[in-house]
Amino acid sequence: MSGLTLELLLLQVVTGVALGSVFVLLAIGLSLIFGMLTIVNFAHGAFYMVGAYMGVFLYGLTGNFWICLILVPLGVGSIGLVVERFLIRPLYGRNIDDPLLLTFGLGYVFIETIRILFGLNGIPFSTPAGLRGAVDIGVGYFPLYRLFLIGATAVLVLGLWLFIEKTKFGLIIRAGARDPEILKVLGIDVSKIWLLVFGIGTGIAGLSGILAAPLQAVTPEMGIPVLAEAFVVTVVGGMGSLIGAVTAGLMVGIVVAMTSLFMPEMAKVSIFLLMALVLLVRPQGLFGRAGLMG
Amino acid sequence: MTSTRISKRRGGISRREVLAAGAGGIALAGFTPSLFSIAKAQTGVIKIGFPVPLTGPFGAEANDQVKAAEIAIKEFNEAGGFQGRLAELLVRDDKLNPGEAATRTLELIEKDKVNYVVGSLSAAVQLSINNVTKERGVIFNSISQSDAINEVKDWSKFTFHEALNPHMTAGAVGRYAFSKFGKKVAYLTADYAYGHEMVRGFESAGKPLGVQTLADIRHPIGASDYSAFLPRIQSLRPDVLCICNFGRDQVNAVKQATEFGLKEKIKIVAPVLLYTARVAGGPEIFEGVVGGTSYYWRLEDTVPTAKAFNDKFRAAHGGAVPSDYGALGYAGVRSVLTAVKNAGTTDTDKVVAAMRALKYDFYKGPQYYRDCDHQSVQSVLVIESKSKDMKDKNDVFSIVGIENPDEKNLRSCADLGHKA
Amino acid sequence: MTMSNAASLIAFGKRHRAALAIGFLLIFPWLMPYEALAVNILVLGLYAVGFNLLFGYTGLLSFGHAAFLGSGAYGCGIALVHFGVPWFGAILVGVLLSVFFAAIMGFLAIRTRGIYFAMVTLALSQCVYYLFYQAVNLTGGENGLRGINLSEIGILGFSVNFLNPTTKYYVILAFVAFALWLFSRLLASPFGAVLEAIRENESRARACGYDVARVKFIAFVISGAFCGLAGALKALHLSIVPIETLHYLTSGQVVMMALLGGMNTFFGPFVGAAAFLLLEDVLTTMTSHWQLVLGAIFVVFVLFFPKGIWGSVLAWMVRK
């Protein structure tokens, strides 16, 4: 293939890492929710989309991207809290598939609501000033915003890791993921924990939405393809594992980037093949715990 | 013997019952009287079925098509209709889904007994509608882009194509861009039929100009992230980058190409620039992008029928201007109704003949349907997106070139499989 | 209605469920605004019933059943369009193709359980989607497979006008009726009893000596066959096979239908398919935001009517 230089390959890898960052953020949210609540959140893509819209809307009001980065996860997380409290909590103790089905229907509701509020077409959103342009990273020019994205993801992952490993709340989450019964024995109100975890998970989804907004068209349907990809990453990494989400997210991002270079038509199906392969060889995912399923 | 009795008790039904039901069913089917006949009404209201994707990503275009089509109907009725018979538009939502479109078309033909069908947006949907209408001998005038519908495999004498096809728009844009901006070309193409048709259109326009294709990079349709393809495009150093996709894909691709800094050294062109996509993407993202279209409202500056149409649309819709696809809704319906008047009857075969003979100028200049494939031969506009000097919020493009109607710009009849 | 009356009515219904269902379907077209919709309900109803063999009766939630609907449709269509196979044979080809994919997918997926089963089936069916998408020469790719045009078909020497919507309905009904009868026999057989045992308690079923994995696999393949038949009939009805047939959203739709109708009943999925399509049809004329209403209704059903429409009706009758 003509023009295939080392620079191009490395640039492609960096592109893959940037792509993977969005996957990582989405997978973390999904993984958290599944790890703690054993719920497959089929509305995760919709929360992502709502986050993007909320971000664009708030940016229009405040003109300050950084404030939006704080407000959006809080806003979307609050929606998540309401959803968990009133729609999902009644389903505990029932069929394990029920929350999956409910969130599936909920996704449609979110998408249509956004269509009603903001129209069918999507709204324009350019990279915020200060993060525009491209920088020379040694192997070529690379968009500044994508570097920011990689950085922001790294910071978030680190923060989350510290939160889970070093704080008391994090300890409760880890215990609850391993054995919810223990929490009840220790007198902790499990339903409150689950409520908060769902809120955090969806809040992160919303954050990934606004972070992704400058990269692609902000449309009501933007969450649909993303959902499938996020599932792939979560499953490959292992449901309920933070390290798994990060590793798988980056892996999938790089796989997509490299496939796009050599066999572009296969780029989309490559991730599903990867998912099928991992599930058949190691059903719990790379870092998941065996037995953490139905 | 015992087994039959046991099966009865277990909730099954015996073989005898099944055979009886089957025979009864066939008898019923065979002797069903013609509760249904494909013959459409020869008196009464002239019904035009209009399946368009009212819900989904192209809802805005579809609603525009409905608005414009209704203007054509109103014009027809206010002029007295045809021998006192008025026209009626039966709008249905096909949800941009070919299966749904087929169901709706069956509904329109079998239940509503429409005389003709106009509509569709998206290649797959129009092919699906066409498949149903041609089997039942109903005229279908398609108002969205596709090369495939003119090909002999899908085409029928009842099939008409009011809209442009990718070959025409890509060709016009190619002829403009390659002579102006350079001969080294790269393509970023959506990997589906429409995408490939666009590339073919560009390449056939480029060949006589000595254009060199550096690469044709395919991406999966519906991709939201094109960053994986852009470094390679950058390394190829083309003069022109043709982004051959549509709608959301196009907005995403252009947005990300801009962000990667491609615009500094490369001219970005697209075969089709949608008015609504440009508005949704915003002026910054599309700045400087050149593309093709069937219609842009500023054509009223030079073409009187455009002004007449725009004024009617503005009057009916509070100053709004029609979009490119919207205008096709107007022309598609008006062609059929005009042909009915010319033929002096609603009989399908005679209306087909009248449409073939039709020479018209409804909103953009002279048009007529080519004999071999009923493709409407019409002008193609080359437009450039602008962000400065915008007279108002609707003024998003400049018309930088107009290619006059010419059969040479279409794919040849032989190419499409039609015998000469 | 007294308790014993209702109970005996329900018992009667259970014994003759296939006959009753078919009887109802015989008069169905006169209840519907137009026949094409009635045929759609027939076909999707069969799709939902086939899916429910796995979901309601075996307790396995698959998110990949679009692969079987689609391969059945494409198999039938390709046989007819590209190889000139007569319509009856084309339907058979469709069913065989879907059985083929079901066997592969089933073999791979049965090893997983619970949520992972849903995920694997989703991923594998997406692979099937891309496979058919890329085989443009056979399938038409994005544009779908067109040209499945049957205007006249031969049945036992008689020539029948297939373009006539009522005729088309009854021909398709013949197949659906046969399938429903077969399905009923299957459920009533010892095999059916094992399926329900597995759903109730898999470990206990294994302890009783049943080869659970093998039974699940067979159920998967049979389910695929029913859905494949539905797909083949759909192809004949619409004269096209759109590529969307294979997309995971189509898999999601059948899950909704089964749930809406009632996954623990024989006829429930049919009711669910009818409700789903009618709702869409009616809602579309009322508002362009029908997806909001549909999604909300679905959420309400999951929360308050897990038995589905038909299941709730039956339960209410018994309670009275």
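Labels for the chains are A, B and C, by order of writing; each one numbers its residues from 1.
Assume a residue touches a chain if its C-beta (ideal position, glycine included) is under 8 Å from a C-beta of that chain, and two chains touch if they have at least 3 such contacts.
Given the structure is predicted, the values throughout are model-derived calculations rather than measurements.
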Chain pair, A-C or B-C, that carries the greater number of C-beta contacts: B-C
Chain of greatest Cα-centre distance to chain B: A
Averaged-CA centre spacing for the pair chain B and chain A, given as whole angstrom: 36
Distance from the mean Cα position of chain C to that of chain B, given in whole angstrom: 33
Contacts with two or more other chains, residues of chain A listed in rising order: 115, 265, 268
Touching two or more other chains - residues of chain B: 59
Residue list for chain C, restricted to those that touch at least two other chains: 289, 291
Chain B to chain A touching residues, read off their complex: 56-57, 59-60, 191, 217-220, 222-225, 227-232, 234-236, 248, 251-252, 255-256, 259-261, 276, 279-282, 284-285
Complex interface listing, chain A residues touching chain C: 34, 38, 40, 87, 90-91, 94-98, 100-102, 104-109, 111-113, 115-116, 228, 231-232, 235, 239, 265, 268-269, 272-273, 275-276, 279-280, 283-284, 293-294
Chain C - residues contacting chain B, complex: 14-19, 22, 26, 33-37, 40, 136, 141-144, 146-147, 149, 151, 155-156, 158, 160, 163-167, 170-171, 173-174, 177-178, 181, 184-185, 187-189, 234, 238-240, 242-245, 284, 288-291
Chain A contact footprint on chain C (complex, rising order): 61, 108, 111-120, 122-124, 126-127, 130, 134, 248, 252, 255-256, 259, 289, 291-292, 294-299, 302-303, 306
Residue ranges of chain B in contact with chain C within the complex: 7, 9-13, 17-18, 21-22, 25-26, 28-30, 32, 34-36, 38, 54-55, 59, 93, 95, 97-99, 102-103, 106-107, 110-111, 123-124, 127-128, 130-132, 135-136, 148, 153-154, 192-194, 221
